[in-house]
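The same chain A turns up in both complexes below, where it pairs with chain B and then with chain C.
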Partner chain A sequence: MKTVDLAIVGAGPAGMVAASEARGHGLSVAVLDEQEAPGGQIYRAVEAVAAQAPERLALLGEDYAHGRRLAENFRVSGAEHIDRALVWQLEPNGLWYLRDEVCHELKANRILLASGAIERPVPIPGWTRPGVMTAGGVQILLKSSGVVPDGRVVLAGNGPLLYLLAAQLLAAGCRIGALVETVPYARYLEAVPHLPAALGSGYLSKGVRLLRHLRSSGTRIYRNARDLRVEGEQHAEALCFHAGGHEVRLDSDLIVLHEGVIPNQQLTRALGCVHRWDDGQKCFRPETDEWGNTSVEDVLTVGDGAGIGGALAAEHAGRLAALEVARSLGYLQTRERDRLSTSSRRQLNKLLQGRRFLEVLYAPPEERQSPPDETLVCRCEEVTAGQVRTAVRTGCTGPNQVKAFTRCGMGPCQGRMCGNTVSAIVAETQGITMEECGYYRIRPPIKPIPLAALAAAEVDCELDDVAQ
Partner chain B sequence: MFRRLSDPEKKVRMTFEGQDITAQEGESVAAALLAAGITHLRQTPVSGHPRAPYCMMGACFDCLVNIDGVSNLQACVTPVREGMSVHSQVAEKDLLHEDG
Partner chain C sequence: MTGKPASGTTDLAVIGGGLHGCSLALQAALKGLSVVVLEKDSIARHASGVNAGGVRRLGRHPAEIPLSLASMRMWHEIEELVHDDCGFQVSGQVKVAETEGEMGNLRLRAEQLRSQGYEHEVLLDGEELYRLLPALKRGCPGGLACLDDGFAEPYRTTQAFRRRAEALGVRFLEKTRVLSLEARCSGCRLSTSSGELEAGVVANCAGAWAARICEQLGEPVPLEPIAPMMTVTQRLPFFVKPVVGTTGRLLSFKQMPNGTVLIGGGHRGRAEPQHNGTALDFRRLIRNVQIAADLFPSVRGARIIRCWAGIEARMPDDIPVISRSSTASNVLHAFGFSAHGFQLGPVVGRLMSELIVSGESSLSLKPFSITRFQRDRPAATS
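Let's turn to the complex of A and B:
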């Protein structure tokens, strides 16, 4: 069985840059990723789009095209790219993955988890209906297939991605029926103190440009919207909400929801890394030091999976982690690591300071942490917020007990879609903090895999070990 | 609900519930189905309600389909293949019914 110095899970900006940097110092590196091509979700299909659809590359914008350079560097780095690999089990010095229906094992002296973010679930009544999608999902359709919404499209929520998607859809010739912002007015005041840091980061000028573009397109914008719900039985028919003292009902063929992104915690949780509630980002994140070392020995995590910092921050964090791994394996002296890290460290800090403004302004509205009783919280097992509250009132003390009693979080998504909401409801009902409440226990396989593939796996262990 | 900005250049032919679908090489099954106007990919096992792709990045598992006889595959992370036969996944509450 093969052993590499460094196994990286995820070929987004953090993973690609970490791989290139580590190879530059002589480490053997393998990068495992679910997609066919490197780029992660942010630069998804960037190589193919650049090669085959230049007009689509233009409408997706410069920030997307930037990913091409990362992919080029990664391709020539000499790192082994294991594409279409589903990592389903992790240990501190090895991992198991499924590829073409066969299980493989890979040993590694260090593991770097760079599995990125998922979109923060937006649990509102009716959000499970066909005709409701996430902004990231709609953007992936545009990036990877050149497929765009048709008909009456309503974008609802908040955050940079929602405005970016709106601008990209307009550039692609789509009409947007309305943009429904779920930013409470009070948030603007709360965010003001963080404005100076944001001015230096470049985020703000980009945001202002996007908003101006949106307004000049004539897109109807509703502000301070609350009590969102989707109407329609077999398919979403309308988005309903309160705004400006009125009840508004917008007929729609496609409702696009987005309220920011949160770390994808499945891998770090499964490995037993310590996680903390980040009240600024309103999400759980693995605890790390300044290099990305987790609480589990020989395991590091960087990029949005370690806390939301965005794609550019992920590059710098990836580079820092690679330098640290090179040091810990003896490829670099400590002094060399520190010298090589100064530029990335400085830029990373600047980018992260600039984000505070976005975090405060676009924190999810309170109603999302406490959805109405009828809202399906668990999309897989169809468990409502009301059922979770009842379970807590009848004695379930934490998310794992709620799971055992209601099946909430027990479906194929393994809690990705309901985890944060369930913890929030448990915390609210019991009057405890998110930190005290905690999160689901995540167990392998991280994604469902066929039993036949598991049975056929060659396990490298002595019979004596099994007997013990 | 969706349209293509341009016709597929490298075409891949597949079927959904026996209906012919033309996809673009390299795209996911979910993208191909949405572009073809198919929005109900499965029924949930609990209530039987229809579901469509939601996140498109392998996180939500709402796009589960049956491909060439294998159930529970994520349409959004499975690339299209020539001759692929895709079926909607219906609620199977009672396992005994599977063999008829």
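Let's turn to the complex of A and C:
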């Protein structure tokens, strides 16, 4: 079995930059990623798009095109890129992954988790019906195959990605029926104090440009929308909500929901890293030091998986983590690490300060933390918010008890989709904080794997079947 | 519900909110005792909540058979006891012989039981075996079965006992750790993380953590915390009804009512009781999955959704301690069920409550005495 100095999970901006940096200091590096090519979600398929569909590169925007340079550096760095690899089990100094339906084990002196963010689920009544997608899902289709939705499209929610997607869809010739913003009016006032810091970050001018573009395209914008629900029997037919004192019903063929992104905790949770509730970002995040070291020895995490900072911040954090790993393995003196980190550290801090404005403005609306009883919370096992509340009232004191009692979170997604909502409902019903409430224990495999692949794995030690 | 301070006095303090602790609490409450259950985590947090849920008489150690038979009768009427059916299903349990040699061993076992007057285990020839298990790999000569055995939902079961006990006035204190136990002639004094408690009798049902209590009583036990691993697949079309075990290898295999397949059998990960953790050993788990795929080739196409392990106490002779303390007259023990205690839960609570109330139990507990591990005494088991 092979051992590398550094195994990186995820080939997005953090993973690619960390790999290139670590290789530059002489470390042996393997990067495992589920996609066919480097880029992560943000720069998905950027090399192929640049080479084969330059017109799509233009419509996806210059921020997307920036990923090309990261991918180029990564390709020539000498890091081993294990593509189409599903990491399904982590141990402090090793991991298991599935590739071409075969299970492999890899040993590593250090593990860097750069597995990015997932979209924050938007559990409203009817959100699991066909005809409802997430902004990220629509973007994947757009990036990897240029597929654009047709018919009556309604975008609902909040956050930078929603506006970016709107702009990309317009550029691709799609007509957007309406944009339904779920930002309560009060949030604008709350966000004002954080405006100055955001001015220097570049986020703001980008946002203003996107909004202006949207308005000039004739897209109807509803503000301060609440009580969202999807209507329709088999297929979603309409988005209904309250806005401006009216009940609005928008007939739609496709409803796109998005309310920001949160760290993908599955890997860090599976490893037993300590997580904290971040009340600014309204999500759990692994506890790390300024280099990305987690509470588990030899395990680091950076990028959006460690707390939402965006793609540019992830690059700098990736570089810092690589320098720290190089130091801890004796490839760099502490002094050199500190000297080489100055610029990235400064830029990272600046980018993170600018995020505060976005966090306050686009915090998920309160009603999402407390969905109506009839809302499906766990799509895999079809458990409703009401069933979760009942379980708590009959003695389930935490998310794991609710899981054992209702099967909520026991399906193929391993609780990725319902974890935060279940914790929020448990916390509300019990009258405790999210931090006190905690989260599911994440069991391997992180994603489902074929039994045959596991059974075919070679067991390299003698095992006595009966007496252990 | 929880969080009330553990202060005051009670007839019985039960240490450990697993199935055995909850069962004893319920039975003692039915007999009119005041009961407090002290649980350092939450009810059914460990083995009681995450075990495979087998309700099995098949293949029991001879010493356990009388208890297992009595408990089975209680399982068949479980809803009357706890007002919840606990997801109990009569599916049958089958132990498969893969070779003629193994079949010979099963025949021997069946004869031994018959000579002791037991009728619950029946031999299956090849034809009967394949009628029960059409999806089984070809070439197995037969098996041994208990057709009235089955399985239940462990977490739900333990919670059902707890709720019924609570309805009868039992106090459950979760997140309450016993810091020290002082046994005197007049009663016991418990110092807990949420207060002091005086109890007439104390029952140690602390599972993998029970040895600490024994140490405080001056009667150390050779308890080994173990972490049996389990694997569950996605939902599959129904292809097997009974719970299936093997004779020469370690496997327990069953399809749940929702279609998922549960694979276990006692392959162990690493137990870390000091921080409530378990670590899976994937080499052993792969072996487990290989055996399952070998016996039931159709499961090869399934996806594995989840693997886990619970923390459980094992004794060197693989049977539990169900016993009075040898050093303190008002302390009792029920722990060390060695990964097959779930089915015994209902009866152990009843027998322990009998010991407390009348000083005697309706079934002999002699083989389970804590004294069997003391060097200066002969072993109580055969």
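The working rule: the second predicted complex is superposed on the first by the 458 of 468 C-alpha atoms of A that agree within 3 Å, B and C clash if a C-alpha of one lies under 4 Å from a C-alpha of the other, contacts with A are read in each partner's own complex, and residues count from 1 in each chain.
Everything that follows uses one rule, which is that a contact is a pair of C-beta atoms (placed from the backbone, for glycine too) under 8 Å apart; a residue touches a chain by one contact, two chains touch by 3 or more.
These figures come from a predicted structure and were not determined experimentally.
Engineer: Answer with first, second, both or neither: which of chain B and chain C does A:G354 touch in the superposed model?
Structural biologist: neither
Engineer: Who does A:P123 touch here: chain B (first), chain C (second), both, or neither?
Structural biologist: Neither partner.
Engineer: With both complexes overlaid on chain A, does A:P448 touch chain B (first), chain C (second), both or neither?
Structural biologist: both
Engineer: Who does A:P412 touch here: chain B (first), chain C (second), both, or neither?
Structural biologist: both
Engineer: Of the two partner chains, chain B (first) and chain C (second), which one does A:G305 touch, if any: first, second, both, or neither?
Structural biologist: Touch status of A:G305: no partner.
Engineer: Tell me which partner A:V147 touches in the superposition: chain B (first), chain C (second), both or neither.
Structural biologist: Only chain B; A:V147 stays clear of chain C.
Engineer: Which chain, chain B or chain C, is in touch with more residues of chain A?
Structural biologist: Partner touching more chain A residues in the overlay: B.
Engineer: Given the touch rule stated above, what does A:G395 touch, chain B (first), chain C (second), both, or neither?
Structural biologist: second
Engineer: Where does A:M133 make contact in the superposed view: on chain B (first), on chain C (second), on both, or on neither?
Structural biologist: The answer is first: A:M133 touches chain B but not chain C.
Engineer: I'd like to check the shared interface: which positions of chain A are touched by both chain B and chain C across the two complexes?
Structural biologist: Residues 411-412, 448, 450, which sit in both footprints.
Engineer: Would you tell me which residues of chain A are touching chain C in their complex?
Structural biologist: Touch residues, chain A against chain C: 89, 91, 96, 105, 272, 394-395, 397-398, 401, 404-405, 407, 410-412, 414, 443-445, 448-452, 454-455, 457, 459-461, 463, 465-466, 468.
Engineer: Given the complex with chain A, which residues does chain B contribute to the contact?
Structural biologist: Of all residues in chain B, those touching chain A are 1-6, 9, 24, 26-28, 31-32, 34-35, 39-40, 44, 46-47, 49-62, 64, 70, 72, 76-77, 79.
Engineer: Give every residue of chain A touching chain B within the complex, in rising order.
Structural biologist: Going through chain A, the ones touching chain B are 34-36, 41, 45, 48, 52-53, 56, 84, 118-119, 128-134, 136-138, 140-141, 144-151, 172-173, 234-235, 253-254, 264, 379-382, 411-413, 416-417, 447-448, 450.
Engineer: Tell me, which parts of chain C touch chain A in their complex?
Structural biologist: Listed in rising order, the residues are 1-2, 42-44, 49-50, 155-156, 159, 162-163, 174, 233-234, 248-250, 258, 266-268, 277, 279-280, 282-287, 289-293, 299-308.
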